[in-house]
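Read from first to last, the chains carry the letters A, B and C; within each, the first residue is number 1.
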Amino acid sequence: MSAVLQYTVQGLAAGSFYALAALGLAVIFGVLGVVNFAHGAFYMLGAVAAAVLLDTLGLSLWGALIVVPLLMLVFGMLVERLLVQWLLPLDPLYNLLLTFGLTLLLVDLVKRRYGVSGLPYERPSALSGRVEVGGVGLPVYQLFVIGVALLVCLGVWLLMTRTRVGMIVRAATERPELAGALGINVGRWVTPVFGFGVALAGLAGVLAAPFRAITAEMGSDFIIILFAVVVIGGLGSIVGAVVGGFLVGLVEAFGQAYAPTFAQVLIFVLMAVVVLARPAGLFGREEATA
Amino acid sequence: MKKRRTAATASMVMAGVLVTAGCGAGGPSAGGGDFTDDKVVLALLNDASGVYKDVSGPNSKIAIQMAIDDYQEKYGDDAVVDDIEVISADHQNEPDIANTKAQELYDREGADVILDVPTSSAALAVATQAKNKKKVYINIGAGTTELTGAQCNKYTFHYAYDTWMLANGTGTVVTEEGDKNWQLIYPDYAFGQDMVKSFTGAIEAGGGKVAGTIATPFPNDNFATYITKAGAAKPQVIGTMHAGGDLINLVKQYNESGLKDQGIDLAVGLMFISDIHSLGVEAFEGTIFTDAWYWNLDEKSREWADRFMEETGDRPTYAHAGNYSAALQYLEAVQAAGTDDADKVVEELEGKKIDDMFLRNGEIRAEDHQVIHDVYLARVKGPADVKEDWDYEEIIKTIPAEEAFRPASESGCSM
Amino acid sequence: MLEIENLSAWYGEAQALREATLSVGAGEVVTLVGRNGAGKTTLVRCLMGLHRHLTGSVWLDGRDITSLPAHRRARAGLGWVQDDRGIFANLSVEENLLLPPRVSESAWTLEQVYDAFPALGIRRRAGGTTLSGGEQQMLAVARVLRTGARVLLLDEPSEGLAPVIVAQIGEIVRTAKQSGIGVLLIEQNVRFAATVADRHYLLAQGRLVESLDNDEFVERQDELLEHLGI
């Protein structure tokens, strides 16, 4: 029983990274129609930035949780302005290739600058240690990660459902041309939305820094799992990204516990089952028949 | 061992033996005609950009160049060959790339020896090329015991370390010190399985037992639940066979798990000083592992480490030192043989006793080409004990050369 | 207020509109009648700036808007009701109404909309596409009225709807006309067109072949029906 509680917390903590990053992937896909292959690299940059800021400026995790997403927001907006926007009118495949190339470039630059063995990271002592819950010691940091992820997901959900900006993003996601013809300057939202999605990946990276190896390659497998998450949740669905993220985290944890060698395979089995049963994903809408 | 170790290879050697042989009318040979192309080419084949880049990678080329310089300084005009060159290639830890590159290096680039080659499957591919081409290969980066076992051959030498030596060092000593009940976590591929076998043997020999093993996917970044599971069996120590980024993930999540506070230790099968450098001593504090060499071991090591640092800005890993030593010993053998002919050089190397900055009480065992030497059981220092950058290891035991490696009688090698 | 001069449009090599010239005045209802594939939708998409492979020019209130992007045309006063109604599934009924920005003083308030269309008020929190087809058409029209658009471009609003609802739409068009709004109504339903419009243009194979006032139109109704193949 106590083991099940531990596995659940571990699954939700891992799922937190997936949920946050997948959320970013989903908004970017929704508004731009771009499958952002570089999302894993942005996650990696978030973690690397946290480590570098700690090393050079002594900026702790608390600061990094604010500063790094802001830096990534700006970086994402630059990427959109300088690169992504030029390919938007073309087949989405071009942007998939562009972001794939960008991934190789970023990974290589980080390798060149910071090597391949990874960077050290120390979390604030307030987040070390464990709390007793029903006789089980649960790591404070994992609970913290879950808490932050849930808060951010809730915040994004409120932003999307309760504000005019969210309404515009939903409309532009569903039918960008119509939103434009109704007087919405969709183009104006494209850059901030891309930056916002990138910032979420960066935030996931910061949260991962204390308990994942911070290396240039850390996003390479991550992006593959993220794709599984958004396929499971439904491409472009915001709720789907979050639910899919936590679900995949849990599948991973319980897979590790009860079928160790197949933990990763199970995720893709889940994906296959979802695709067969509901091709649009758990929360995706079937393509509207125009 | 797929990835991992780096090592640099060094390549030394000279030229090539057979290479085209066009000799015929060939030009006059400076050194008296015993050197193919009138020069010796040492080829470093390793991981120039992936996970083993930091532990060996391009810095090993610098180490090999240092060996060439030292050789030339030592022999001056008496050197049997004047023209010595080091070249390098990136095998990206892929056995098929390693295979093609080895062929190119031997045939087209005129390599006389290939050095390093981390990743066991890649190393075995290169060993096969060495055997077919009758050219020397000195492994530094890979850990598989096959190189001196069933797949041994006349032209292949195994320097530095192997999985038997790691398991024997860490497994036996940790068990003898009182941690008798083990859980092993390993990456589910050849290297990991090999390590589990070696560790189990060593632990049982030390009077302990392996109560359970857990296989994990490779590569992997989430070990939290595997660790919880291993801890739930209440062992005295968890042994991990992971390396590189996977090891860092695992250690971070072990520290998170609270098992340390419950007195469940972590022993690491394979670790490099570059791992400690990247993650910081706090994370690894107290971890016990076996090291083939440590830069701050003694005056001789430190002196060389200072030179290396002047060249590269970093302290050397075992692989940098190992590539230097292998290159130097190869050149010494060429000097003694007066030729770069592989058969003659091998004859010089076999049975040679060596004591240099890397090998202590070293011997190139003739029977299986295992290079035996003293190895070290190290404990990672706590932050308070670190006096300078890279000052991370406290050597708690020296394992003498004769005990450190698998006895030749058990190797199963026949050349 | 809306003037179109020599408008030609292409899909690749194929020409879909040929030098169409027409106008809609304030408080005037003008229909564009033509059979399937005549180019009616293409024409409104050109007016909205959604189809850009074209020559000719479009003027609104004496201002050339030919090169403006779609959202600026909407803000200049063009209110488009798409042929598939264009209701957002991810937005509630009320959000569908609130999404487009107000563009003039004459914009309807939400209260006015709900007074005129009680069904929308009752279902204001429901998802946009959970409404019936007729209610969705009401929502689409109400949405552009709420912005205060001064020229409505209605693409076959009566299509597939029950006669009572078509009559209701006729009511709205007349109300709009009375408040000085110009309406370009695309229709294949000739009888309905005759009940609301002042003038009619007949479009065949991308060309405006005739321009009739409503009396002529009514007289020649049978001939036109035959032409349209209905």
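Criterion: contacts are C-beta pairs under 8 Å (C-beta built on N, C-alpha and C of every residue); 3 or more make two chains touch, one makes a residue touch a chain.
Protein identities per chain, from UniProt: A = Branched-chain amino acid ABC transporter permease; C = ABC transporter ATP-binding protein.
All values reported here derive from a predicted model rather than from experimental measurement.
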{"item": "Touch-based graph of the chains, sorted into line, ring, star, complete or other", "value": "line"}
{"item": "Most contacted chain pair (by C-beta pair count)", "value": "A-B"}
{"item": "Chain centre separation in whole Å, for subunit C relative to subunit A (CA means)", "value": "43"}
{"item": "Centroid spacing, where centroids are CA-atom means, of subunit A and subunit B in whole angstrom", "value": "38"}
{"item": "Distance from subunit C to subunit B - Cα centre to Cα centre, in angstrom", "value": "77"}
{"item": "Touching two or more other chains - residue numbers and ranges from subunit B", "value": "none"}
{"item": "Partner subunit C, residues of subunit A touching it in the complex", "value": "164, 167-168, 170-171, 173-175, 177-187, 285, 288, 290"}
{"item": "Residues of subunit B defined as touching subunit A within the complex", "value": "49-55, 57, 188, 214-217, 219-226, 228-229, 232, 244-249, 252-253, 256-258, 274-275, 277-280, 282-283"}
{"item": "Subunit B contact footprint on subunit A (complex, rising order)", "value": "3, 6-7, 10-11, 13-14, 108, 111, 115-122, 129-130, 137, 139, 141-142, 210-213, 215, 217-218, 221-222, 252-254, 256-257, 260-261, 263-265"}
{"item": "Subunit C residues touching subunit A - in the complex, by the definition given at the top", "value": "48-50, 69-71, 73-75, 80, 82, 84, 86, 88-91, 95, 98-101, 103, 143, 147"}
